[in-house]
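In the part that follows, the structures are each spelled out as structure tokens.
Each of the two complexes below includes chain A, the first together with chain B, the second together with chain C.
What follows is the complex of A and B.
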């Protein structure tokens, strides 16, 4: 184990592994069938959505049940922009900024409230969002939804390689968001969020305004939600009020918990859970999907309360116990602060 | 020294990794679109079979809500289909080969994204998608189905888009569009000898508005009918008590409740009784089930509950001895245990008819291809599927119309529905 750690601390090893991962991710779609590529692209979409939720819940400790609203808003903005023939870069920008503004405005009010009240305010978002999307049918297409197809592969890429093209778009944008958030939560900002999460009074006494940081975290979460909405349109190319229905928010939340709250890798695992588990349960028995998913959720929570992302830590701890080693770090709580310290 | 050896090790890992990755990349799939090409290049001369069909079997896919709020009707959309092909056994196709029909169901929980996922994951081993319930879910994979040239046939949505042959060349809706149903109500009411005041409550979306549009166009010019009050509600509302109180005060004697939400439909019948308002009711076909709505709401048949249908209601005493109904119930009991054996929702009967219509299309197929299937499917007229009411039939040849465009107005008799010749 220590050898591994030593090896890992070498800059070249880390760079090498990173390069390898990138290489595999880039080359993988050429060896997989289209259905798998499409599933992987969808994993990327929801991994970003879960990552956004992680910023506000996992890292800042504020319960948000409205993340799906920002995904839906981003998707609608994208669909509208594409159908109006706007420049795609502008559409992407708007799909990030508009949900960001919506998130900021809501956060200004919600962040003043504590605990459950903030959860209630965020519940309101999808509950208002669905009828609103139906009412504003000129913009949203009403309850029949609206489609926007703008991610067919260009000719130079290969006209029948849509799945790989979409995979690359998702990969590029999702990777960028993951790197940004990774750097964000590791830096000064992340440490401030961790303190706000642990104890607001302590944060205040250190000159960190819990209110300001909560608003910022909420806004960032909303913007990331917007990005995932854009990616949703890249992959699904259709959105309807059903996209932002409240129960999807709960599914996102469950995915975050299963993946691992307050963890970058956990967000990716959460996205994979969100997308792949319904496929798997469909293979097992299509009439029992809800039940099987419930069982999986319970099992993961019983066995790994910290989510799947905590698996390596749990295994390491088991080994250390066997060795009878007295490593005091083993018993560390799996909070955001703990994670930050270990790195 | 230690530093150096580590660096060497690291380089080694990277090198090996790169080799592995490049080897993997070696078997690139190039310009192959995948999936769709399976099975091509078979016997010389004979047309290549599409995916999901062999000389002795064909696989149909259904993506529909099997869990969540719409699971009841959703399960029915599979149950009837499975029952039909269960009792029919292997079917002789137009090309002379006899094939076993397998139905594969996929749960989409009414989530468009999951419906698309089900389509993408299974389109390479499913010959055609059919019978699935839901407008957003069917819309979510409509364009993908067109692009991949996979039939999305006889789906359960009242959205007219699916019956537009130019817009949707690989699609066909099965059930009547909302306007068809609303118009049938309007015509019956307009033919009444007496004066009537109508109150309307509609769901504020294309569903509710489609009904009202059809209804109003049918009563246009009828002097004996007056719409005295018209209110709407949102599909996400949990109560419509306020609207009902207001509508009851309008003094209307006919209430057109264009509602698609089961609990709300029950609640409105109960609320009207609480208000001592006893109008005649017009209910859309998917919220008029005796078993799921009228009986739980303890509806009084004497008030007059009207609905439209094109399927014989198994619960109705009028059809208790009907051969179709008996065969249907037996098949449901025998083959559909995984989904539901009780036809509580009309979707069970509808999907049974979808099965019969598909069989008709299979009989006309001369080649085992998706193109040939669509050609054969859109060439069925005057076909009376089992369970269809007298006066209705399947006609897939008319552009802009779903497979079933005609409906019959019926009246609740306390147990089931009977055809209503006139409004009284």
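What follows is the complex of A and C.
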């Protein structure tokens, strides 16, 4: 193990591994069938959505049940913009900014109450969002929903390669968002979020306003939700009020916890869980889907509160115990919303 | 005027349902500091129990009473077997656990009784009588009076009995209650059981109106949470009044404000909430809590 660690600390080795991963991700769709490529692209879409949820919940410790609303809002903005023939860059910008503004307004009120009030207020977003989307049928297409096709592959790429083209769009945007968030949570801002999560009184005594940081984190989460909404339209090309239904929001939260809260890799795993596990459970028996997902979530909370992303750490700790001693501080205990709080 | 009275009575009836669930949430929140997002789901499951007992040939009133008793036991068991482990930890994790519980309960109800709408008979006659030219349905009045009576009983239990005193002590300070020799664990189980039983009554009363589906009370849960915030989680009476206010206001808004209508009336409590949060962050009746560092 120590040798591995040494190797890993070499900058060139790390760059090499990163390059290899990128190469595999770029080449993979050419060797897979369209259905698999579509599934992978959907994983990318929901990985971004889970990442957004992680910013507010995993890193800032505020339970949000409304993330799916921002995905839906981003999707609707994208669909509307595309159907009005706006420039696609402008559409993307609006699909990020409009959910961001909505998130900012909601957070201004919700973050006023401490503790669980954000969870209790944000639960309203999908519940109000669905009838609202049905009502505003001039813009949203009502219950039938609205479709927008703007991601057919251009001729130079190969007209029948839509799935690979969409995969590349998702890969590029998702990778950019992941890198941005990775840098964000490791910088000064991320440390501020961590201390707000850990202890609000300490945060304020250090001159970090918990209220302001919660509002900022929520706004960022909403903007990332908007990005995932745009990506959703890239892949699915259709949205309806069902997109932002309440049970999707619950599944998103479950995916985040199961993947690993407060973890970049966990967001990716969460996206995979969100897309792939319902496929498997539907295969078994569609009426059992909710039951199985509930059981999985509760089992993960009981035995692996840090989510799948904490698995390597847990295994390493088990081995170290067997060896007798070793570096005991290596594995930090985790809770479902990230690292352990100490009060 | 006739429509107005009718709307107010119907609003009070629905408000009572929200109030019962909100009160159940407060009951749990006061003793353990967590918000049980599965409270509505548990109430739906109780309504399904009553439905099953009805199918076995029990009379309606008996079926509901037995379902309430089962819910009490189930609530206590959920506290002991599932929630106990997360009570002392991070409240955010506990919330995620209750959300997992909600998914699980919805899944169980969907598996056993399917996701289709089931018809559930009402305790009260379907016809209405007229007061001041308004047709007031027995169903609405009965729902309101039943829940109001249960709330009075609960209040009496909390104020006048030994168990009530012990429950209040645990809610106030679990550690020093344990030092004074109170069986804190068992009292928490009773608290969860009472909350589940209260939810069961609400579920059985509202099932005829909404027709029974696993997601029947998702909307009511949202109203109940709004009532909890509006009333201030530290004030049971405030929560119930907030629930009635919400029930009446949303009914009036649905009819008298054309843009809102029946589909968007769920936005009413949250607009109200927004305004209250910006003006009075501790809720209408709640106290400002001071946290010792």
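Following the convention adopted for this analysis, the second predicted complex is superposed on the first by the 327 of 343 C-alpha atoms of A that agree within 3 Å, B and C clash if a C-alpha of one lies under 4 Å from a C-alpha of the other, contacts with A are read in each partner's own complex, and residues count from 1 in each chain.
Going forward, contacts are C-beta pairs under 8 Å (C-beta built on N, C-alpha and C of every residue); 3 or more make two chains touch, one makes a residue touch a chain.
What you are looking at is a predicted structure, and each value in this text was computed from that prediction instead of being measured.
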{"item": "When chain B and chain C are modelled together on chain A, clash or fit", "value": "clash"}
{"item": "Which of chain B and chain C A:127 touches, first, second, both or neither", "value": "both"}
{"item": "Chain B versus chain C as contact partner of A:83, first or second or both or neither", "value": "neither"}
{"item": "Which of chain B and chain C A:236 touches, first, second, both or neither", "value": "first"}
{"item": "Touched partner set for A:109, first chain B, second chain C, both or neither", "value": "second"}
{"item": "Which superposed partner A:149 touches (first chain B, second chain C, both, neither)", "value": "first"}
{"item": "Chain B versus chain C as contact partner of A:297, first or second or both or neither", "value": "second"}
{"item": "Contacts of A:289 with chain B and chain C, given as first, second, both or neither", "value": "both"}
{"item": "Touching partner for A:33 - first (chain B), second (chain C), both, neither", "value": "first"}
{"item": "Partner chain in contact with A:209 - chain B first, chain C second, else both or neither", "value": "neither"}
{"item": "Location of chain C clashes with chain B - one stretch out of 79-87, 187-195 or 205-213", "value": "205-213"}
{"item": "Touching both chain B and chain C, residues of chain A", "value": "127, 131, 134-135, 247, 287, 289-290"}
{"item": "In the complex, chain A residues that touch chain C", "value": "57, 61-63, 65, 108-110, 112-113, 115-117, 119-121, 123-124, 127-128, 131-132, 134-135, 201, 246-247, 250, 253-254, 257, 287-295, 297-298, 301-302, 305, 335-337, 340-341"}
{"item": "Interface residues, chain B side, partner chain A - complex", "value": "6-7, 9-11, 13-14, 17-18, 21-22, 24-25, 27-29, 31-35, 66-68, 75, 105-107, 109-114, 116-118, 120-124, 135-137, 139-140, 142-144, 147, 159, 161, 204-207, 234-236, 338-339"}
{"item": "Sites on chain A touched by chain B in the complex", "value": "6-7, 10, 12-13, 16-17, 19-20, 23-24, 27-28, 30-31, 33-35, 38-39, 42, 127, 130-131, 134-135, 142-145, 147, 149, 158, 160-162, 232, 236-243, 245, 247-248, 275, 278-279, 281-282, 285-287, 289-290"}
{"item": "Residue ranges of chain C touching chain A (in the complex, touch as defined)", "value": "34-35, 37, 82, 85-86, 89-93, 95-97, 99-108, 110-111, 114-115, 214-215, 218-219, 221-222, 225-226, 228-229, 261, 263-264, 266-267, 270, 273-274, 277-278, 281, 291, 293"}
